[in-house]
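Some structures to go through are shown next.
Presented sequentially are two complexes of subunit A, the first with subunit B as partner and the second with subunit C.
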Partner chain A sequence: MKVTFPHMGQVYLAIKGLLDDLGVEVVIPPSITERTLEIGTKLSPEMACLPLKINIGNYIESIEKGADTIIIAGSCGPCRFGYYGVVQKEILKDLGYDVDMIIFDPPDADYRVFIERIRKLAGKNSWVNIAQAFKRASTIVKEADEMLDIALKKRAREVNKGDTDSRLYRFEREVVGKHGSHEILETIRKYKGILSQVEEKPGVSPLKIGLVGEIYTLIEPYVNLNIEKKLGYLGVEVYRSITLHEWVKVHLSLDVKYRMSYKRILKKAAPYLNLCVGGHAWQTIANSIYYSECGLDGIIQIMPFGCMPEIVAESILPRVYQDYGTPIMTLVVDEMTGEAGYFTRLEAFVDLLEQRRRSKADEYKESLLRG
Partner chain B sequence: MNTKKVFLGVDVGSVSINVVAIDQENNMLGKIYVRTEGKPIQILKKAMADMASMLPADVEIRGVGTTGSGRELAAVVVGADVVKNEITAHGIAALTFVPDARTILEIGGQDSKIIILRDGVVSDFAMNTVCAAGTGSFLDRQAARLNIPIEKFGELALKSKSPVRIAGRCAVFAESDMIHKQQMGCSCEDIIRGLCEALVRNYLNNVGKGKEILPRVVFQGGVAANVGIRKAFEEALGYEITVPEHYDVMGALGAAILAKDYVSKGYKTKFRGFEEILRKEFTSRSFECNGCTNYCEIVELMAGDSVAARWGGRCGKWSRANQPAEKRSEVV
Partner chain C sequence: MRIGIPRALLYYNYYPLWHSFFEELGHQVVTSSVTSKAVLDSGVMSCVDDACLPIKLFHGHVVNLIGKVDAIFIPRLVSICPEEYICPKFIGLPEMIKSSIKGLPDLIVLNYNAHRNLKDVHRAYVELGTRIGAKPSQAVKALQKATASQQAYDLLLKEGQTPLDMLNGRKRIGEGEGKGIIGLIGHPYLLYDEFISMGLISKLRARGYAVLVPENIAQPQIEMACAELPKKLFWSYGKKLLGSGLTMLKGRKVDGIIFLSSFGCGIDAFIVELLQRYNHRLYQIPSALITVDEHSGQAGFNTRLEAFIDMIEWRDGREGYISAHGASVFGH
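For the complex of A and B:
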């Protein structure tokens, strides 16, 4: 059994660690490139959302490298992601690929099936082993996200533009050669240190932008056209509302304290939207309010073209803006997205926020002069 | 010798290249509007040559700003001090010439945008995302098909007594609907008027969706020359529309103003000088980097024999290759 999985930001680190520890052979799909997207677009239904197309591209490129089993998460919410595993299975079958697909629906849907499927993947490992491997994988997720958070802070403040990213890039090249969660964790920790040493400009107070929106587009840099990097180069400190670590804490772990604070933030959306309409629409609204209250300069919502839950959120966000006054911009990505137009919007949005900050500062000065 | 201080603005768009020169008081000293024809570098050089001959001999270029989709390229070719996106540039220009503006409608060759201004700053904006119906290129095409000079297009629309309704949602449907109405025997004026109304409807429903359009409304970009569209906007919005004097080069003007503000902080201009721009041979090529599995596409711009700039690449190895050696030691 050679197992592969779709890419989604840093998730490959955790899955690689997990499967290595369980003694399962794993094929990491090649990084997402134009070719991945081309394959996916050609083989998927045209109206399918972008993540599905990229998943298919990942699978095919992994199969070319010898993978014969695919694992993917499932979902039971009213979003098309719930059908991903099943539809992708059919697509691959129609294309004549002989691969096994193991779909992990959230355990709260059906524990028996979930456990059976884990058993299928983990083979002869004892349950203690499996539990420990999962725990280490979640530590990888946590520390990898912490590493990215350091990068987000550094990019906005670095003295030499590109220092942070060249270190991150070196990390990516080094970590693929590692085996098992211990080695991977060690590498992550090493690079957390290396990243912390990026030289910062003294006394800068960068603009702060919060990212909200659909989870896959937020987490996978290829799909969001490296928005964190682009904003970082414009001197912006980026806050991410949805991370892998957060998802793990809410859905897989028993961190009660975190769940309560999560619920508290969700409740902020009550006047606008008070139920789950699928995907992360509810979180998009709630986090936009939360970010406005925290005093961030701006908020950017990102979604794949045709994402129903986020379209619902998009139509509510202007009211959040009216009530809280923090500018919100929506970006839609799909395989047709041109990078130039995308960057123009980002740059213009950052200009807008800068002007706002300056005119606010002027007002403040004037009010001081007036007494 | 007392030379006059001049600031240049360059707007390299998909359809046209505009170059303007202004003095310290924002007076227009010269403007050039040429078609890009898919060859931005050559046409830009030509435009710069025309600008050089248009300006009096005793001027000194103190600052240059570039904007438009080709702003990065233009910045390398001319040696720019400020490189700004179109939205900010248009906003600055409109605020300079129409200080009480609160809404900007901008329709150019290939894109359209709306910019909302409040209290003298940009507070919101949107660009067209779905289709090009209603932009300059489409109007051009329809004018050519009906064999009407594009300059007369708007005037004809005003002569219409009973405009027909054209489906303006998409350029393809709009064209087939126009042909359908034409074969039914509707007059040319009525069809053109109908088209103008359809495009305005399309603009307000797509680009202007959810935006609060308040007077004073400024209409700029090449399409603002079209009185038919202008009239249709006035009818749809119920406000008077202001078209600034230099509506067709507002982006370039904004870039020039931004450059002027920038150098007023005491910076020295990076402008190459007209002779050098004309003398230097600029060539570009693209290749795929094989450094890792990302296979990024790298575009390289050569000025004479030396590399002027490189774009693309995720790791930053190439885009930093044109920086001084000590700064890039870490990557390569």
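For the complex of A and C:
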């Protein structure tokens, strides 16, 4: 059994660590490129959302490398992600690929099926082993996210442009050669150290922008056209509302304290939207309010074209702006998104925020003079 | 009080229930006008660009009601069946309307959620009743009467009527029978809105075909067809379309099948994809997918429809005729 999985940002580190520890052979899909997207777009339903198309591209490129089993998570609606597995399986079947697909639906739906599927994947491992491997995988997720957070801070302040990213690039080159969660964790820790040594400009206070929106688009840099990097180069410190680690903490762990603070943030959205409409729309609204209260300079919502839950959030966000006054921009990405136009919009947004900040400072000075 | 009901989205499924519920409670019901270019345009203007056609249309119908009524009824249907959902956009509909349209009258929102338990629905209507000033006991009574008229309506649908005929007050089936039956798969708010579907049903009838719509397929058959899926489908209306489509295909009840979908419909993207794949693999009944949006034109629509019907008729006549020369079967 050679197992593969779809890409989603740093998730490959955790899955590789997990499967290595369980002794399952794993094929990491080649990083997403234009070819991946082209394959996916050609073979997927036209109106499907972007993540599904890229998943298909990932599968086929992995199958070319010898994978014969695909693992993917599932959910029970109402977002379309819950039915990805079934549709993707049919697409691959019609193409003549003979692959096995293991779909992990959340255990609360039917825990026996869930356990059976883990058993199928893990083979002869003992349950203790499996539990430990999962625990280590979640540590990888946590540390990898911490590493990215360091990068977000550094990029906005680095003396030599590109310093942070060249180190991250070296990390990616190095980590694919590692085997097992211990080695992967070691590499991550090493690069956390290396990243914190990036030289900073003294006394800069960068603009702060919060990213909200659909989880896949936020986490996968190819899909959001490296928005974190682009904003970083424009001298912006980026805050991410949804990270893999946060997802793991909310959905898989028993961290009660975190869950409570998570619910507290969600409650902020009550005057605008007070129930789950699927996906992360509720979080999008809640986090936008939270970021406004924290005093961030701007908020960017990102979603794939046709994302059903985020469209609901998009139509509510103008009201959040009216009430809180923090500028919010929505970016919709799909297979047709051009990099130049996208970058121009980011630049314009950052310009706008800078001007706002300056005029606010001027107002402050004026009030001092008058006073 | 004059209560306005937008003639869009689930109106076609539930209007007998909603009409009689409000009327039983002594209110006057005003339905928005039939969809027209003006209604659609006002919807497109007020809604976010990324929404799908039916949602934009709903916005248009709400705008159409402003000034004519004291309150507008907006259903928030989270789930109509335990463990299932409807589209996310239906769930967030009242919020979308509130954020996008200015100068709204009072909004009466029905919070209908049967995700846990079907009995919650009862409570939703009692709440709705008290919201517009009725006593709970009156609301219960009104709901009973309303449910009865809804059941009568559903029964007629199962007997083969289409909601469109019922709305227009002509109960007739067998119009244009003779040549065959075309199965139509599409959400009710597309199929029965004559502006959006560009009179698809009457055009097919004029060409001599009877139509079979998802509303005509009995629920047990839908459930049976969907039970074969590898994973339970969690969209109620998606399930209805897929199940009735499979039933039509499996029983070879239809000579052709047309999928009517709106641009940007997330659920249709998956349902139609699956149906087309199953059809191609197992049944091979002629099928066409027609996608409509706010820019659709009549001419292209008619051409596709004519081409589709021609294809079916050619197939009828000469499918078995395979030329010994290897040249085109159709003699061109």
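Keep in mind that, in the parts below, the second predicted complex is superposed on the first by the 371 of 371 C-alpha atoms of A that agree within 3 Å, B and C clash if a C-alpha of one lies under 4 Å from a C-alpha of the other, contacts with A are read in each partner's own complex, and residues count from 1 in each chain.
By definition in this document, a residue touches a chain if its C-beta (ideal position, glycine included) is under 8 Å from a C-beta of that chain, and two chains touch if they have at least 3 such contacts.
In this text the structure is predicted, and so the values were computed from the model without any measurement.
**Q** Let's test your reading of the overlay: on subunit A, do subunit B and subunit C clash or fit side by side?
**A** These partners fit in the superposed model.
**Q** Which partner chains sit in contact with A:T33 here, subunit B, subunit C, both or neither? Use first/second/both/neither.
**A** A:T33 sits against subunit B, while subunit C stays out of touch.
**Q** Between the C-alpha centres of subunit B and subunit C, what angle is opened at the C-alpha centre of subunit A, expressed to the nearest 10°?
**A** Given the fit on chain A C-alpha atoms, the answer is 80 degrees.
**Q** Check whether A:V332 is in contact with subunit B, with subunit C, with both or with neither, and answer first, second, both or neither.
**A** both
**Q** A:P318 in the overlay: touching subunit B, subunit C, both, or neither? Say first, second, both or neither.
**A** After superposing on A, A:P318 lies in contact with both subunit B and subunit C.
**Q** Which partner does A:G82 contact after superposing on A: first (subunit B), second (subunit C), both, neither?
**A** The second partner, subunit C, only.
**Q** Applying the document's definition of touch, where does A:V204 land relative to subunit B and subunit C: first, second, both, or neither?
**A** A:V204 sits against neither subunit B nor subunit C.
**Q** Determine, under the contact definition given at the top, whether A:D351 touches first (subunit B), second (subunit C), both, or neither.
**A** Once the two structures are laid over each other on A, A:D351 reaches subunit B alone.
**Q** Let me test your reading of the model: by the given contact rule, A:N226 touches which partner, first (subunit B), second (subunit C), both or neither?
**A** first
**Q** For A:G162 in the superposed arrangement: first (subunit B), second (subunit C), both or neither?
**A** first
**Q** Comparing subunit C with subunit B, which touches more residues belonging to subunit A?
**A** C
**Q** Have a look at where A:Y272 lands relative to subunit B and subunit C in the superposition and call it first, second, both or neither.
**A** Once the two structures are laid over each other on A, A:Y272 reaches subunit C alone.
**Q** How far apart, in Å, are the nearest Cα atoms of subunit B and subunit C after the overlay?
**A** In the combined three-chain model, subunit B comes within 5 Å of subunit C at the C-alpha level.
**Q** Once the two structures are superposed, pull the subunit A residues common to the subunit B and subunit C interfaces.
**A** Looking at subunit A, the two contact sets intersect at 318, 332.
**Q** What residues on subunit A touch subunit B, complex-wise?
**A** 30-31, 33-35, 160, 162-163, 165-166, 169, 173, 226, 318, 327, 332, 340-341, 343-345, 347-349, 351-352, 355-356, 359
**Q** Which residues of subunit C touch subunit A in their complex?
**A** Checking each residue of subunit C against subunit A gives 47-48, 50-52, 55, 78, 83-89, 91-92, 95-96, 98-100, 229-231, 233-235, 261, 263-270, 272-274, 277, 280-281, 291.
**Q** Which positions of subunit A touch subunit C when the two form their complex?
**A** 45-49, 74, 76-80, 82-83, 85-87, 89-91, 94, 103, 105, 272-273, 275-279, 281, 305-309, 311-316, 318-319, 332
**Q** Provide the residue numbers of subunit B that touch subunit A in the complex, in ascending order.
**A** These residues of subunit B touch subunit A: 69, 84-88, 111, 119-125, 127, 129, 210, 292-295, 297, 314-317, 319-320, 327, 330-331.
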